[in-house]
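Starting off with a structure, shown below.
Going in written order, the chains are labelled A, B, C and D, and every chain counts its residues from 1.
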């Protein structure tokens, strides 16, 4: 029997994710504050609702993709929180990237009411959202994870169970902090080589075949002209914005403070992106950090 | 016709490299200050010589593997430098890891005398030296590089031409700086996840399949017990010592200063290894940087 | 006419502060969860109360000195918050060191009820608290600041008005971040000089007379034996603990994130104290950061 | 009897220093490659010479003020080094800021020939050079230091003996590293306060009276408009250029590497000035580092 899915939050990521659910024959009801994106989803075959409460009526699964933890908490557990309105056997999947403590607060409130909930932030950008090849990194009860997997498979290729509630957010944020670190490091190495007259293309080939190898070198080279079809070769347009990387790094440093974990390179990457942002680069792709090191 | 090769410097790397040349039927004459390692090579089939000058008499190719730039410069271009003693058509291959400027000084002196020389530092540790699977990163004239390749193939699997003289050293040092950065970053991410109760094995799997992926996660995980047969699972014994990584990071910061390149994460990694060293960890494998972050 | 003062929070700082009010002939009623410190204040001439609500009955001024923002918010504006119990013309002075946003939240709630409130965190340690020579850094309405000054003068020597509500907390945290930075910097400089054979006493004299001069060099030298009567000359006992400096640095990084301010040296100092804490130094004076750099 | 002084190197610092010697009735013979500055000194009463060798003939004291260690070594101990030409009882005073090892190399060569030599780098900028209020930080034999003091007093107010040969350079570089650290820290603190709406003037007053106090706050505030007559209030013109601070920080990191000293904040300050330089700020006063943190 087809599951009813309510999808809340139809931004650059949420929109294409909801469309992939429709393509996979789920019955999807959507809600977003922005009437424009709602209309776009309606055209793609979604039912629409005038508000979140109407959207989740009859939902077997609720998926949310929202900009921050305050909005997620207010949606589910605020004064008019949805967890007072849902069906008893609903499964809530929050795919927003938020602080682990916020995810745990929602999960705890759900648990008290016997409602199934997992945090399931994604890795991979808008292209992966469109292609249905996202990675989902989940936290919550194993049984809830197994149930969520059936739905998430329609939108992603890799679906991981990181641990208990909040663990999805922790693993996602650790991953993105590490991404920022090797992106900055790759930019430093390529820039220093170029300053010494080496060809960034040749250097990239050498380091990819050596111990410096990392995801930035493999699929997202920050040096213009080394790879086609990456933001650095398109004036740092598109991709994953500095503003968004800064948000994720902010979450990483909040988590570091809370868990009393030293993350010196994570902290330094956070600062460098802050400096880059202050210089006006917030809207560029995050691989543009190379420009901070280049002679003007 | 078999080439005569002189091999100078038979340490942990040089020894097994020379043996691989012998196995590949080169005629090898060796020299080292340490009589013990010379005897070992003799047993393996090498000719021996009482000093460097004697070793390079008749050599078609000279290979050196020495601890620092001062020694390399003194060997070749000092008051009694070998470049005054070599055959006209000799090829000099220096595989030591030294400052690019030192490599360039030797290359320039060779050029003035019409002698062929390339810098060819290696990536990969003692295991790769023994297995003949090293990576050579070379700088120098294309024709000299092609000639060197025939010999280097007996000791390595990947042989790269990074550019003009010194470029081998530049690319090697950039690579190792990037290695240090993603190793420290990987340690930070795994430690923070563990502090939040996540299983480092699970986290490693997730980040390997995501944008945090890098060489440290793939083949050299710093968290004890995640991977078999890596130093972290053997009390950080063996592998690549903190003292050696500190030396390479020192070279990277020298190069950064000389080329006026900002390398903030490289600088911070250098400092963290310095603190780790001051705490007495110089003899441990460099992945032990994780211990700097762990609660005592 | 003598003012009635309620004093809540009698820790290492709050206790001696309350005693100085008594010495200056204020009528002081105290409350703390710890019966032991309450008894101590009673012996010094304070009235005591069984709970906060009882303590503030009839109070013209309420002073609080508490460990964190959650406790401060809960005391004043929680479900049973004191602002529903106070006299209309009361003046609330919170001397706790907490996030500026927490201070602003309390101030805003007070403002809505027409209650006068200022944030007034202190600079100076327990010795200054006992001697009545603290520095108070205040935020709030000018008129409220002037009123508070009369009371604060009994406990401190310098009383500053930093700006609107929360500004006291901002200035305090900026100051302590800068303190941490020049303390770490001073430790780095003295250690490097000592490694080169210079006498830390001589170096300290030189830098105090030169452009390196700062408060750490002047009154709180981190190198053992340079100054008498400072923690470094007493095995880093007493003074301002690493744990407390870490708390303040945590607040600085929270503020930096909220205000989108780059603070790279502040971030790095935060990380170094985190590493120092992980190594077990949380209970030592904060000038012990020198030990992180010294050879073991 | 009046001493004959040879002064070599008449740049922004050397020129006014030589003039102060003349004003104090020393007989001064000068040399510089730049004929323009030589003419200026001639007008001020100096004898001139066509080359260094001619300048030092008959000199009782030689003072040099040169841009880097290579030039200093070449002047004194190169193939045509002056130490082969000087009078037996000459006193050499090198006031250049150079690596301690370079200073030691010159001192060692002097010692072998029985020539007195001290390193005596200065603290204080061109204004102090003109006013004769420089600080000299000296390394060398106590007797040589005492002899030098008589001459240096004509150019400076504070004259310190830091220790053996090279110690003057070590102390100078440690001081300037610490200066860079508290300048960057002061800029971070003032910028964060300003971002929160505080008045930088008020904040500066508060921190000067508190534990954040340091030389930058006292006499060289980096925030425009807080102090009159400092570079920040004059569009960062004049003062001590970013390029020169970068040079000194480079020397500090060389020294840190050589002495195996961790200087994490020193390293980070070095990187920030490198980034600032790459953005084109090399010619501004070093307090302009504030601009790196300000929103564009």
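The definition used in the following text is that contacts are C-beta pairs under 8 Å (C-beta built on N, C-alpha and C of every residue); 3 or more make two chains touch, one makes a residue touch a chain.
Molecules present, by chain and UniProt name: A, B, C, D = 3-hydroxyisobutyrate dehydrogenase.
Bear in mind the structure is a predicted one, so any value in this text is a computation, not a measurement.
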Per Cα centroids, the chain farthest from chain A: D
Pair joined by the larger number of C-beta contacts - C-D, A-D: C-D
Chain C and chain D: spacing of chain centres that average the CA atoms, whole Å: 39
Chain A and chain D, separation of their C-alpha mean positions in angstrom: 51
Residues of chain D engaged with two or more neighbouring chains: 256, 260-264, 268, 272, 275, 278, 292-293, 295
Sites on chain D touched by chain B in the complex: 250, 253-254, 256-257, 260-264, 267-268, 270-272, 274-275, 277-278
Residues of chain D that touch chain C when the two form their complex: 100, 123-124, 135, 137, 158, 160-164, 166-167, 170-171, 174-179, 181-182, 184-186, 188-193, 195-199, 202-203, 205-207, 209-215, 218, 220, 252, 255-256, 259-266, 268-269, 272, 292-293, 295
Complex contacts: residues of chain A adjacent to chain D: 268, 275, 278-280, 292-296
